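Structures follow.
In the two assemblies presented below, chain A is common to both, partnered first by chain B and then by chain C.
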Partner chain A sequence: MIPTISATGLGRRYRDEVALDNISFVIEPGSVTGLLGRNGAGKTTLMRIITGQEFPTSGEIRVFGEHPAENDPVLRRMIFVREEQNYPDLRVEAAIRVASWFYPNWNDELATQLLADFGLPRRRRIRKLSRGMRSAVGIVIGLAARAELTLFDEPYAGLDPAARQLFYDRLLTEISEYPRTVLLSTHLVDEVADLLEHIVMLDKGRVVLDAPADEVRGKAVTVSGQASVVEEFVAGRAIWHRQRLGGRAAVTVPGPFDDVALARARAMHLCLEPLSLQQLLVHASSKEQEKVSA
Partner chain B sequence: MNHQPEGAVPALDEGTPLFVQIAEQLADDIVDGVLAEGTRVPSTNELAAFYRINPATAAKGINVLVEDAVLEKRRGIGMFVADGAREQLRAIRRKKFAEQYIDPMLAEARRLGIDGDTLVTLIRGSSSHNGGDTA
Partner chain C sequence: MKTLVNVARYHLVDRMTYAALPWGILAFTFVVNVVIAALAPTPKGYYTGAVASFYFVLLAAGAVSLTRGLPFGMMLGVSRRTYYLGTTALVVSLAVIYSLALAILAVVEGATGAGETPCTSSACRGCCKGPGTSRG
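Then we have the complex of A and B:
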């Protein structure tokens, strides 16, 4: 099967700044992937290259097996919903109609339903909408396009938690009923963690994690208990973080832990708490410098 | 691959893969009789919507139980609880009972200086309070 996206040694340089540094990864058809990383990690640059809006300065990008740039048949199979997207000064319903001309799998019923779900006034000009409502327009278009490859780049600016939950729920229903490949960049990591099948984490233009979501759970663990016992248990593992309070210690180390190790932890009265995806992101992007200071 | 649905390690629950947790939830319902043998279990999409998880993850959870022959696929209609599934799950759980419940209890008892006889008395007392075996 041809991967939906494959990047090989991809790089993007702006004068003396490196936005993407030798990135390689593969996105399989029908998967939901979280593209995670801090601001400036290179997520948007990567998405712009995937959608043919920008050229790599080295390496190669393939979408549906082809070069995306200036490739209309490929571009019509994907939709890119950006943060703070700029729309021409149209009424909401006109913007929806224009989008419907471009995407072959567009579903009008779904668009109408989503407009109602998000409480969007069809006749209002987009410029007059609140930030959250403008984000909702992007989400409606992104879902109703039913494009084979759907990219969302932080699509929820100004959306309140209830509206974001609505987005996640509709996204879930859509991928259940009309499977497609989704690449979702977000910094509200824990909100979407359970929706993701695969994680690609960027830091400073590099891929620091590329793994199935199942494997990421329990990837790192904070071990806490009596300091000397904790230290004995984590001996030989890379220390990501270490905290002490009196005789107690909490040390974050990468897994995995087999059954023997877990039984040993129980016998030693240690508490093992896995890092959430959000915490993992924080550690993965600061690991380098902690290694130096540890 | 041997993902035992009953193999939850309490200390690492948050780190248990989601699909294993889905399999455990279904297995719990079968053991409790909420999902009787021969009844249809929720579809992948129903599970995904209910737990707000990726449908592929829900499918993986169901597959764990299909591989263990706890669930069976009936073509065109869905997944059903297999005959004998409840007893099969109970047997697996009995095997793991000591490791999951008794060993940690003994460890804590030792830590608190509760000797074996006292422990047995405590269990007897607790058992009569709670009405003993209900199964």
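Then we have the complex of A and C:
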């Protein structure tokens, strides 16, 4: 099967700044991938290259097996909803109508439903909307387009938590009803953690993590309990993080833990807590920094 | 091809900019000029250049189509080339229609006896109409 997106040694350099450095990864059809990373990690640059809006300075990008740049048949199959999208001076309903012309699988009922869900005034001009409402317009178009490849680049600017939850819920129902490949860039990792099947994490323009989400979730554990017992338990493992408070300690170590280890932890009255995706990524990026400075 | 037509349709959603605004402003400048010519007649008449307002409005519309229209088009997976071609096709069609309309208006203007070549040379003294003639 042709991967939806494949990047090989992809690089993007602006004068003396490296935005993307030798990036390689593959995104399979029908998956939901989280593109994670801190501000300035290169997420938007990468998505702009995938959608043919920007050109790599080295390496190769292929979308549906072809180069996306100025390639209409490929571009027609994707939609790119970005943060702070610039809209022409149109009413909400006009923008929705325009978008519907460009997508063969466009679903009008869904668009109408989503407009109502987000409480968007159809007759209002987009330029008069608040930031959050403008973001919601992008989300409505992105979901209703039912494009084979849907890219969301931090599409929630200004959206309140309830509306963000609505977005995640709708995204989940939509992809189960009408499967498609989704690439979602975000730094609100824990909010979307349950949605993601695959994770690509960028840091300073490089891929620091590229793995199935399930694999990442069990990757590290925080062991807490009486300090001496904790130290005994984690002996021999790489220590990611150590915290002490009085006689107690909490130590973060990478997994996996087999049944024997888990039984031992119970016997030693230790508390094992898997690291959330977000905490894991914070660790991953700080470790990367150590590697760079070392 | 379908995408190209869609790009043209996309521009026309905003009829205000491409149809109402240029003709509205042209009509407005015409009325203002007629009023000025009636209130303050000069022996040589006026050369107003009012039609230029039409061109400038459309020039501004073209600029806006680049800064505002293109980003939304690209969000919807339109390539820059297709956007350019679709926009150009629309602009050329509008140019044909609008120049025909302007040509018809010029004929009408000529029939009223106004709008002749302004007198710049003393050799053609007497070819001007009387005071109060407005020239478009």
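By our rule, the second predicted complex is superposed on the first by the 287 of 294 C-alpha atoms of A that agree within 3 Å, B and C clash if a C-alpha of one lies under 4 Å from a C-alpha of the other, contacts with A are read in each partner's own complex, and residues count from 1 in each chain.
Here is the rule we go by: a residue touches a chain if its C-beta (ideal position, glycine included) is under 8 Å from a C-beta of that chain, and two chains touch if they have at least 3 such contacts.
Just so it is clear, the model here is predicted, and its values are computed rather than measured.
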Chain B versus chain C as contact partner of A:Gln53, first or second or both or neither: second
Chain B versus chain C as contact partner of A:Phe80, first or second or both or neither: second
Chain B versus chain C as contact partner of A:Val221, first or second or both or neither: first
Partner chain in contact with A:Asp72 - chain B first, chain C second, else both or neither: second
Partner chain(s) touched by A:Pro29 [first = chain B, second = chain C, both, neither]: neither
Chain B versus chain C as contact partner of A:Trp101, first or second or both or neither: second
Touching partner for A:Leu90 - first (chain B), second (chain C), both, neither: second
Common ground on chain A, meaning residues reached by chain C in one complex and by chain B in the other: none
Chain A-touching residues of chain C, taken from the complex the two chains share: 3, 6, 9-10, 13-14, 64-65, 67-69, 71-72, 74-82
Complex contact set, residues of chain A against chain B: 30-32, 168-169, 172-173, 175-177, 179, 194-197, 213-215, 217-218, 221, 255, 257, 259, 262-263, 265-267, 269, 271-274, 276
In the complex with chain C, residue positions of chain A that touch it: 51-53, 70-72, 75-82, 85-90, 94-95, 97-99, 101-103, 138, 141, 145, 147
Touching residues on chain B, where the partner in the complex is chain A: 9, 11-12, 14-19, 44-45, 48-49, 51-57, 60, 99, 103-104, 107, 111
